[in-house]
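Paired with chain B in one complex and with chain C in the other, chain A is shared by the two complexes that follow.
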Partner chain A sequence: MTILQVENLSKDFGGLRVLENITFSLAAGSVVGLIGPNGAGKSTLVNLIAGADRPTGGEILFASRRLAGLPAWRVARLGLARTFQITRVFTDLSLGDNIRLAAWTRGLRGKGLEAEVRRLADLTELSDKIAKPSRDLTLADQKRLQLARALALKPKLLLLDEVMAGLNPSELDRAIQLLAKLRNEGITMLVIEHLMRVIMNISDRVLVLHQGSLIADGPPAEVVASSQVQEAYLGRRYVQNR
Partner chain B sequence: MKNKSLIIAVLALLCAFLLPLLTNDYIVQVATEIAMYAALAAGWNLIGGITGYPSFGNVAFFGLGAMLAGAFSVNWHWPYWLAGIVAVLLTGVLGFILGLPILRLKGHYFSIATLALAEATLAIVTNLQFLGGGKGTSLPLIGSPLLFYYIMLAIACLSALITYLIVHSQYGNTLLAIKSDESAAQAVGINTVLAKSTAFALSAFLGSMVGVVYAIWQSYIDPPTVFEPGITVLMLVMTMIGGAGTVAGPIIGALIIGIMTQLAMAVSQNASSLILGLAIIVVVLFLPQGILGSHRSGKGGKRPGKHSFSWRG
Partner chain C sequence: MMHLWLQIILNGLLQGGILGISALAFSLQWGVMNLINLAHGSFQILAAYLALVLLQRLGLDPFLAMPLVFLIFFAGGYLLQFGIINRVVSGNLFMTLLLTYGLDFVLANSMILLFTADYKSVNTSYANSSWHLLGLQFPIVRTLALVFLLILSLLLWLFLEYTRAGRAIRATSMSTEPARLMGLRIPKVYALTFGLSSGLAAVGGIFYGLSNAFSPAAGGPLTVGAFVVTILGGVGTSWGPLVGGIILGVLDAVGSVILGPTYVNVITFGLLLLILILRPNGILGRAAA
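Let's turn to the complex of A and B:
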C-alpha cells in the first residue's frame, strides 16, 4: 500500500529551479533513505511535503489525500510529522512542555497526556532533562527533542532531515536502534542523512537527489553501485568518510 | 515559589483595596490611572509579550471602546453598562478579524501595520457622524472618584487573572511556541493563525473595556485623546520594564512608570517628560529583560527568557 505519492513535483525560488519533476512513492511501513550532495534540494522536498512551502508544480498525495494548498498544521494533524535540519525547538518552553504541547495538540489530555510525554522522553533518552528549559539543551539533545516532539503527533509518516548529524558513534548506534524500533511500530520514514553507514543500515530503499532531480531509486546496494550516483555524489568525500 | 507569589498578590490587592482609606483624593486619582494602565499593559502583554507580536496600535481598541460606548449611549440612549458591553464585544470581534491579515506580518512589518491600523481607525472614527464626526462626546458626569478607582482596580485584576490563566494553560504554551518558532509550531499541528488572532482579540477586549470605563470616568472624550499613540507606547514600555510575558510584569511596570511620572512632575512640570524618558532609558539599559525577567532562575517552563521580547523579521 502506498502512503505517500509525489508526482512531477517542482519548486522554483525566484528564477532558480531547485526541484525538477520529482516523482516517487513510499510504501506504508517502509524506511526510505534520501541522499544527495549539499544543495541538492532534500530539505526543500521535505518542506514541500510537510506543507511548509508551496510547490511550483506537481502533486503530493498522502494516504490518497491531496496535500497541495493545505497549511502545515493541517498536514501535521493528518499524521505527517517532520523534524528540521536546523533545530527548531520552542525555546520559551521546557523540554517536557515541548513534547506535551505536541501531544496535547493531537488531542491527548490528563493522565494519557502525561504518560505519553514520559514514554517519548524515555524513548529518546531525555527523561532526566524533562524540566530543563529547552534553550539550554545541547544540539544533540535538541535533535532528540525534535524527534520526540514529532512522535508526539503519532505520525503515520515521519520526515527526518538529518536527525543524526553531530552524534558521536555510540549515540549513532542508539539512534539507529531507535529508528528500527519506530519502523517496528509501523511508522513510515523518509530519512535524509549524509552518513552512508546509517543509510545502508536502515533503508529498504534509497532515493538520490542531484541538482534538483531524482537520479536513482532502488535498493541501497544497487544505488551505491550505480556509476551515475558514484559520480554525482559518492565519488567525492562521502565514500572516503564512510 | 507559587505560595510566595500568591501571598504577594493578596497583600498587594489588600493594599490597593485599602488605599483610599489611608490617602487623599490626589493619590486615588493617580492610583486609578495606574490601575488603568496596568490593565492596558496586561492586554498589550498578551499579544506583544506572550505571543511575541509587538503591537504599536493597541490604543485603537482603547479608543474604539470609549467612542463606541459613548456613541451607543448618546445616540441610541442605551444604558451605559449595555453600551459598554456591546462596545467591548464588538472591539474584541474586530480585533480577531483584523488579526487574521495583520498577524501574517512579522517583526517590524507587524509593528508598522498596527501603527497604521491605529491611525486609520482614528481617521475612520473622525469621519463617522455616528461617532461624533470628530467632535467630542459628552457623557453624564458621575462624580465618584472612588467608584472609578475600584472599577479600574477590578479590570486590572481581571486582566492579571486572564493572563495568569493563559500562562498556565496549554493555550499559553501554544502562544509561547509561536513566539519561539512559528514554523515549528505549525509543524506540530498548531493552527497559528487562530491562536494569534485569539490573543489579539483578547488584547482588544481588555483595551476596549478600559476605554469604556475611561470614557464615563472622564465624562468627555474626543478622538485625538483616546487614540493618542503615546498610550500604546506606555503599554509597551510598562510591559517591557516590568517583564514581558509575565503575569505581574505589566502591573509592576505601570506602578513604576506611574510613580516616576508623578515624581518627575513634582521636580519640574515642564521637564517631566524628559526626566521620565531618561528614567525609562536607564531602566531599559540596565534591565533589558524587565524587572521580573532579570532574576528568574532557570526553572524551566514559563520563565521569560532572553528572547521574551523579540523582533523577528
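Let's turn to the complex of A and C:
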C-alpha cells in the first residue's frame, strides 16, 4: 500500500528552481533513504511534504489525501511528523513538556497522555532526564528528544532530516538501533542522511537528489553502484573502499 | 525628613503596581508574538471608560466590574487578533506597528466621539482615600494595584508553566515553525495570547482610571510607560513587569523630587538607554538561545 505519492513536484525560490519534477512514492512500512550533495534540495523536499512550504507545482498525496493548501498543523495531525537538521526543541520547556505538548495536539489527555510521555521517553532512552530543561541536554539527547516529540504525534510517516549529524560513534550506534526499533514498529520513514553507513544499514530503498532532480531510485546496493550517483555525490572511491 | 523620603519611595513603589499591570499585558504580546501594540494605551483608556459607564449607569463598583470588563476585553482581543492582526503578525514588524498605530487612531477618535475629549475620572468613595500604617499613607487604589500585580504575575506564571495552553504559548514564543509542525494552531495560540493580554490591559486601565484623570488622548503615554517597563524587566517574562514597574516607579518618584517633575521623562528614558546598553535583554530576560 502506498502511503506517500509525490508527483511532478517543483519548487522555485524567486528565479531559482530548486526542485524539478520530482516523482516517487513510499510504501507503508518502508524505510527510504534520501541522499545527495548539500544544496541538492533534500530539506526543501521535506519542507514541502511536511507543509512548511508550498510547492510551485505538482502534487503530494498522503494516505490518498492531497496535501496542497493544507496548513502545517493539519498535515501534522494527519500523521506526518518531522525532525529538523538543526535541532529545534523548545529550550525553555522541560524534556517531558516537549513530548507532552506534541502528544496533547494528538488528542491525548490525563493518564493516557502521561503514559505516552513515559513510553516515548523510555523508547528514546531519555526517561532519566524527563524533568530536565531541554536547553541543558546534549546534542545527542536533543536529537532523541526531537524524535520522541515527532513520535508523540503517532506518525504514519516520519521525515528525519539528518538526525545523526554531529553524533559521536557510540551515539551513532545507539541512534541506528533506535531507528531499527521504529522500523520494527512499522513506521514509514524517509531518512535524509549524509552518513552512508546509516543509509545502507536501515534503508529498503534509496533516492538520490542532485541539483533539484531525482537521479536515482532503487535498492541501496544498486544505487551506490550507479556511476551517475558516484559522479554526483559519493565519489568513485566510495565503492572501491567498501 | 527620613519619614518624607520613605513616603516618596512608597509612592513610587505603589505607582509601580499600575505601571506593572499595564506592562504585564504589553510584555506578553511582545514576547510571544513579537507584536509591539501601539494601541495598548488606548485599550486601557477604553477599559477605564467602560468601568466609568458601568459605575454611572448600573452603579457597579469598578472592582466588581473587573471580571466582566476582563471577559469583554478578552473576547474583543481574541476576535481582533484572530480576524485582523493574525493576517500580518508573521510578516514584517513594521506592518504590525502600522496596523496597531491605525487601530490606536480608530480607538482614540471613537472614544472622543462617544465620551468627548474632556478629562474624566472613575470616582468612588475610596478612589482618593488612603490607609495609614506606621505613619505612612497607603493610597487604597495604588496599594491594591500592587497587590493585584503580584497576584496577576503569579497567576500568569502558573498558567504559562503548568497548563497545556500556557505551554503551547511558551512553545510558540520560542519557535513557531516546530510548533506548527507538531500540530499547534498558531493563529489560535496567538488569539488566546492577545485575548489574555487585552484582559490584563483592561484591568490595568481600570486601576489607571481609579487613580488618574483620563481623556481619550491619554493612551499614548501609557503605551510608552509599558514599553519602558517591559524593556527594563525583560520582554516576555512573567515577573519582569513587576520588577520593571517598581524600579521605574521608585526612580520616577525620587527623581522628580530631586530634579523636579519636569525631568521625569529624562529619568525614564535615561534608564531605558542604560538598560539597553548594559543589559539589553532586561533585568530578568535571557538572551535568545
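Here is the rule we use: the second predicted complex is superposed on the first by the 235 of 242 C-alpha atoms of A that agree within 3 Å, B and C clash if a C-alpha of one lies under 4 Å from a C-alpha of the other, contacts with A are read in each partner's own complex, and residues count from 1 in each chain.
Basically, contacts are C-beta pairs under 8 Å (C-beta built on N, C-alpha and C of every residue); 3 or more make two chains touch, one makes a residue touch a chain.
Everything numeric here is computed off the predicted structure, so don't read it as measured data.
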{"item": "Overlay on chain A: chain C relative to chain B, clash or fit", "value": "clash"}
{"item": "Partner chain(s) touched by A:100 [first = chain B, second = chain C, both, neither]", "value": "both"}
{"item": "Which superposed partner A:91 touches (first chain B, second chain C, both, neither)", "value": "both"}
{"item": "Contacts of A:133 with chain B and chain C, given as first, second, both or neither", "value": "first"}
{"item": "Which of chain B and chain C A:77 touches, first, second, both or neither", "value": "both"}
{"item": "First (chain B), second (chain C), both or neither touched by A:29", "value": "neither"}
{"item": "Doubly contacted residues of chain A, that is, touched by chain B and again by chain C", "value": "50-52, 71-73, 76-77, 81-82, 84, 88-93, 97-98, 100-102, 104-106, 135, 149-150, 152-153"}
{"item": "Residues of chain B that touch chain A when the two form their complex", "value": "170, 173-174, 176-177, 179-181, 183-192, 245, 298-308"}
{"item": "Interface residues, chain C side, partner chain A - complex", "value": "164, 167-168, 170-171, 174-175, 177-186, 289"}
{"item": "Chain C-facing residues of chain A, complex", "value": "50-52, 71-73, 75-77, 81-82, 84, 88-93, 97-98, 100-102, 104-106, 135, 149-150, 152-153"}
{"item": "Chain A to chain B touching residues, read off their complex", "value": "50-52, 71-73, 76-77, 81-82, 84, 88-98, 100-102, 104-106, 131-133, 135-136, 149-150, 152-153"}
